[in-house]
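Okay, structure first, notes after.
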Amino acid sequence: MKLIIAIIQPHKLEELKKELYETQVNLLTVSEVLGHGRQMGVTEVYRGVKETGNLLRKLRVEIAVNDNFVEQTLKAIIKGARSGQTGEIGDGKIFVLPLEECVRIRTGEKGGTAIG
Amino acid sequence: MKLIIAIIQPHKLEELKKELYETQVNLLTVSEVLGHGRQMGVTEVYRGVKETGNLLRKLRVEIAVNDNFVEQTLKAIIKGARSGQTGEIGDGKIFVLPLEECVRIRTGEKGGTAIG
Amino acid sequence: MKLIIAIIQPHKLEELKKELYETQVNLLTVSEVLGHGRQMGVTEVYRGVKETGNLLRKLRVEIAVNDNFVEQTLKAIIKGARSGQTGEIGDGKIFVLPLEECVRIRTGEKGGTAIG
Amino acid sequence: MFKKKKGLLFILLLFLMSFSGTVFAQTNAPVPKIDSGDTAFVLISAGMVLLMTPGLAFFYGGMVRRKNILGMLMQCFIIMCVLSLQWVLYGYSLSFSSGNGFWGDLSWFALKGVGLDPYPTYAATIPHQAFMIFQAMFAIITPALIIGAFAERMKFSAFLIFIILWATFVYDPVAHWMWSDGGWLKKMGALDFAGGTVVHINAGVAALVTALVIGRRKGYDNKPTPPHNLPFTVLGAGLLWFGWFGFNAGSALAANGLAVNAFVTTNTAAAAAGLSWAILEWLHNGKPTIFGTVTGAVAGLVAITPAAGFVNAGSAIIIGLLVSVFCFLMVGIVKPKLGYDDSLDAFGVHGIGGIWGALATGLFASKLVNKDGANGLFYGNPHQFIVQLIAVAITIGYSLVVSYILYKLVDAVFGVRVSEKDEVIGLDLTQHREGAYTLVE
Amino acid sequence: MFKKKKGLLFILLLFLMSFSGTVFAQTNAPVPKIDSGDTAFVLISAGMVLLMTPGLAFFYGGMVRRKNILGMLMQCFIIMCVLSLQWVLYGYSLSFSSGNGFWGDLSWFALKGVGLDPYPTYAATIPHQAFMIFQAMFAIITPALIIGAFAERMKFSAFLIFIILWATFVYDPVAHWMWSDGGWLKKMGALDFAGGTVVHINAGVAALVTALVIGRRKGYDNKPTPPHNLPFTVLGAGLLWFGWFGFNAGSALAANGLAVNAFVTTNTAAAAAGLSWAILEWLHNGKPTIFGTVTGAVAGLVAITPAAGFVNAGSAIIIGLLVSVFCFLMVGIVKPKLGYDDSLDAFGVHGIGGIWGALATGLFASKLVNKDGANGLFYGNPHQFIVQLIAVAITIGYSLVVSYILYKLVDAVFGVRVSEKDEVIGLDLTQHREGAYTLVE
Amino acid sequence: MFKKKKGLLFILLLFLMSFSGTVFAQTNAPVPKIDSGDTAFVLISAGMVLLMTPGLAFFYGGMVRRKNILGMLMQCFIIMCVLSLQWVLYGYSLSFSSGNGFWGDLSWFALKGVGLDPYPTYAATIPHQAFMIFQAMFAIITPALIIGAFAERMKFSAFLIFIILWATFVYDPVAHWMWSDGGWLKKMGALDFAGGTVVHINAGVAALVTALVIGRRKGYDNKPTPPHNLPFTVLGAGLLWFGWFGFNAGSALAANGLAVNAFVTTNTAAAAAGLSWAILEWLHNGKPTIFGTVTGAVAGLVAITPAAGFVNAGSAIIIGLLVSVFCFLMVGIVKPKLGYDDSLDAFGVHGIGGIWGALATGLFASKLVNKDGANGLFYGNPHQFIVQLIAVAITIGYSLVVSYILYKLVDAVFGVRVSEKDEVIGLDLTQHREGAYTLVE
């Protein structure tokens, strides 16, 4: 099992979910984060003084999947989160971590069956 | 060492903490997340138009523990986070990840001793 | 590759970033969390009734790096996040997780090159 | 089901057309002199009192958990809507028309005969409707005060019925006794300048009753849940302080010296009470809080309400300093001990504060301030204190009993409390299907 | 580029000195009697109406996404700034000086001859400038109503130009027709007590036009985006309700019976409409919402605006109950079907509400309430209804055409809509380079 | 330690009873004619000015970091409490009783002799206490303006002592010089309609002093920390604009032409300044911000304060346009260069704006507007400008010196600044043991 963490542009969430559902992946956890990447932040100005706010709003999406789902999940994320064909700086990253165990609190089930 | 991530119902946090303390696990990190699972979201209505808000508020609890603590920690989480005896859809999941290193910033200690 | 998660004092973020940049690590993701550690929370009082709010505001910083960067990153974090020379309770922890894959959404690049 | 609605509206239409007619009678009656200054003052004051209800909504709304704020705001706003209508339809008539000892009759039903000429019995220099609408704002905010007691756990439908019944069978009668021409408490000589008994004791006791019968919130451990947005509470307090000038000074029903006295005592008492609460916290908990300070200020405003037009600024200071002592003891020490869940201290602040204010009026009232008033105990007239005591006791007793009956009635028919599951999810989503804030965007 | 600025300021200085002179002429003209009560009432009312624009800013600001709230607040505040100046410079003159059938002349340019003595043609008991500044507040909030239609996607620069043009070429003329001495709609006998046509239909139709031509927001799927902060919307509604007393009652321009009538009908209609909307939601969606209730209350305030001084409280109830029916249908059912993106329902609430209000005035107006008014259809005068119908049609037609032309003009010159990228990032950062809330601290 | 409290309260009680007595003397004095319109106007205005302090609390509170907002709100509210009491006890007497050249005596201690009859020396048509309470609101908000300078780092206890001392030894005397009967600045002919020198320069200079001596916030790098909640700041600005009508127009102390003039110039200057600031940002930074626009509007309100009743709308435009230029330079360019940490620009806006306003009064004042006023430089009377210059210089000098002394005094006794650790954690938790918002629920 893997835990997939995707950092995406906030407005891409809907598309991302659409893509994921089409690949039968519809369990996920989302949170708001600030990201610092290659993308330049917008310079903010407060009372005439410039602030380089180089941290940008992103969404962090966590998806736990079974190994056989990893490939299609990655594809779906890229499809859903990329801006246009070519993509834009700031579209984000995907991190794949090994997941040793997964437990469904409700039933106590473990492993692959608990993930879904 | 393992990093245990539990996605739970927000109102279960207090119980969860109680259970954890009883098993000598009292270091944790909590954040608010939105989850999409099997549980159906409440349909919200804005100005007469329905919105299926299928994302629900959950809490994400991160707990780093030494291997010999994993079992009892999982038990405690399940005990604290499950609704009633049978549990309810939406009670959430627990993910266990391998943790290679842990450092206490204050002292620079590493490994098992730093975790506590 | 590793995913480094640091839980730090909120006001240390700027220093932390400074230190990281000096070691060529300048991609990171930050979020606000509540932490329960050894540090005692401030007792809050609402309408004369005491509340032991033992959860404290912390920042959670996620940094994905290639293996050869791990050491200096940890050093930088400790340098940037520690209070004074000796450090203080509450300065936080660093967790290092194995990272199996990293994908740049924009380009689809994978692995070490995608991380930066 | 839209048909149903249409029918309903049609009936209303017919009914209201008749209503429309009713204004005829009066508008060509002889016209006593209207004073533009007094009218301006009372109208603006009425507007300021109206603003107090949104103010209260934020004062309360900031204290609850994030998942319940819309529930609080909604309860306040629907009260503004429903009771505004209740008042013009029959509430004003029940409260202020002569009627019998218990309450008024329906002779002023749908404002029949309540026109734009002064009605000297109540106010000689402003249109009768100006007096009516000013009073309307009191009828609105009073029930709104109660909702702090059963916050975060009451079913909206049940709440709505309860409030309408309460306004009709508790507020209207008590207002009649105290303020209507020939009301027996008034005849008895009880003093209540702007609503210490009618508004605050009345609502405060109802709050206590409902808090007791509806029971504690799930997981309530004798500690207030941390307010989800204290700045909102402070904003509400600011609007309340502002609106209260209309509430108290406006109750002079004219822009005269009495209004000025009420204005000054109101501001002074609020200040004294806010400071007093802060000092108590300082002594008792080591630090003063903004939450405590605004709570104290509101308690001071409550306490001065019945006295504003009868006492001087000096007495206002004492009334203010002491009200915080009483409320602080109740809210910070007694309540947690007893363990009932008056969630936002509607009784602890309005009940206790109102009782102290009504009694204090019996202590500090002075004919030097208001020759149409009376002297209190400290001005050599112990009798007045007894009278106030009686008025307080009666209001407490009546509100206690009837509020209880009405609650039980509504509970039997509709069931008052939300399911445990709904309480956990929160009132916003379960009662109104909307969320206050977006978490992720 | 500071040089530029300096030059500009210098020219202004010269120009304005002349302006300064202009007040001379009038201040030693003969002085009719000023009534202090009426003056107090109109001034405070003006202040209350001014407060409505920040109120509107929060009413709207709470509904948009977090990344766009500052854009809404900014548009409202810059309107307060720019139109306050436009009004004292030439707007008031264009609207209220005699001029010609279409609009006024510049005889009152820079308040020339508009002094501190009453100008009996408009108000005999208050200084002319009091009338002027009271009207200024109407000129400010009207264009501000429009911004709800093109929320979250309009370029700030283009918006600013559009609003100034609109105020000059749409608001000022229509105000002239309806309210100026010898305005032809007024002559025709059309009734508009406080701005149903001039303010709400006018702005509502402009909103529809702009919403249609600017097009839907990126990713808009016929559903409102969840409001990022509903409490702000409720706060705004509270301030609007409060300010509306100044808006409607103040329009009596004196603290008299008429003002009281307007005050009472205003409160009553708002209450009826708020309740009505809540009931509709209850029937239609199973639960009433605070968002719906405040929307209804605002719709009620809109609908009663033209009628406030001509109808009685009974009619106000009907007007209020029905306006929510019409607006609810428009906002909750028709709009999603048609699929245009009137983002915050500026047309759905102000347009529809204003039309119903103006027509309802033709139905419920009664000389019993206001002898200087007229009887409506239900009081045996069908003619009045026709007149109202015509006034409505003309306002709609004019606002429709001219708003469209102005929009196209501005679009051609500046380009009205922000780039798709900017829309995605949000107006706060892209148009103003600031963020509303800190996410991490 | 509750005993302590009880004793303290008892003493107060005794003391205040005497106070109570004092009102006797005056209430049966001969009664000059009270004008209801004027009284209504001044009372409502007083209420509006009271609302400015919560407004200011949010204006400031939105600018600070999340961990310090309650600290700001608390400082504003405790000032409302403490100074309301200070004023009725001795502040009013020190400021407005004849006394000596430096300040008043204690003849009006505890409102002795300050009754409900007019005191013609100050206002002939309203009760003396109405004038007193209206002035109270000025005494409240003035010290509150200062707190922006030492935001996020001052110990609450030290702050409280400092403010009381400052009100007593800086505000009261300066108010006495400028506004009291026979105050020497007034005698000298200095014009200050509603508080340019007494309020804004006075507070602004004290702000500069405290900012300099308390030192920069930890980690301050000559950049403002991003405001944690800009909408709150805008809300505050809206309430300030609204309340300022009471502040300036109310200062006419009657609902007359002068009040109308002050109302119009106030609105006009605020508008001009808001627009001017936005334009400056547009030229200087490429984009106008809402933060800048509301800052400008407030600066405009500050600048027009001393002039409101002496200049016409044309001059108000110039005053408004220019004040933003001066403040913008100070706040956006000079301050960052000098690197001192006037955290929320209390000096940059109120100090600079007040100075410009006071001088501008010497330029634009015209007897055509106010025959009891004077002509300024541009109306052929250079002398007036000199007088204004002197008044400004004296106010600056006095406030500078005494504020410094008081600060040092308090610092020596209590220590003014919080520990570095507390500053890092934030004032809400360390000074008040409460948090503004829940992070996780």
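List of remarks:
Letters are used for the chains, namely A, B, C, D, E and F, taken in the order the chains are written, and counting of residues starts over at 1 for each.
The working rule: a contact is a pair of C-beta atoms (placed from the backbone, for glycine too) under 8 Å apart; a residue touches a chain by one contact, two chains touch by 3 or more.
On a predicted model such as this, the values are computed, not experimentally measured, just so you know.
Graph distance from subunit C to subunit D, where chains that touch are one step apart, equals 1. Fewest steps needed to get from subunit A to subunit C, stepping only to touching chains, is 1.
The greater number of contacting C-beta pairs, out of the two interfaces B-E and B-D, is seen for B-E.
With centres set at the average Cα position, the gap from subunit A to subunit E is 44 Å. Between the Cα centres of subunit A and subunit D there is a gap of 51 Å.
In this assembly, the C-alpha centroid of subunit B lies 19 Å from the C-alpha centroid of subunit C. The geometric centre of subunit D is 33 Å away from that of subunit F, both derived from CA atoms.
Residues of subunit D in contact with at least two other chains: 35-38, 40-41, 44, 48, 67, 226-227, 229, 235, 280, 284-285, 287, 289, 291, 433-435, 439-441. In subunit C, the residues touching two or more other chains are 30-32, 34, 44-46, 53, 55, 97-98. Judged by the touch criterion defined above, the protein chains are all mutually in contact, each touching every other. Remark: subunit D residues 439-441 touch subunit A in the complex. Only residues 2, 5-8, 31-38, 55, 58, 60, 74, 77-78, 81-83, 86-98 of subunit B touch subunit A when the two sit together in their complex.
Considering their complex, residues 222-224, 226-227, 280-281, 284-285, 287, 289, 291-292, 295, 328, 331-333, 336, 345 of subunit F touch subunit A. Chain contact summary for the complex, subunit F toward subunit D: residues 1-2, 4-5, 9, 12-13, 16-20, 22-24, 27-28, 34-41, 43-44, 46-48, 50-51, 53-55, 57-58, 61, 69-70, 73-74, 77-78, 80-82, 84-85, 88, 110-111, 116-117, 126-127, 129-130, 132-133, 136, 156, 229, 232, 235, 431-438, 441.
On the subunit A side of its complex with subunit F, the touching residues are 44-51, 53.
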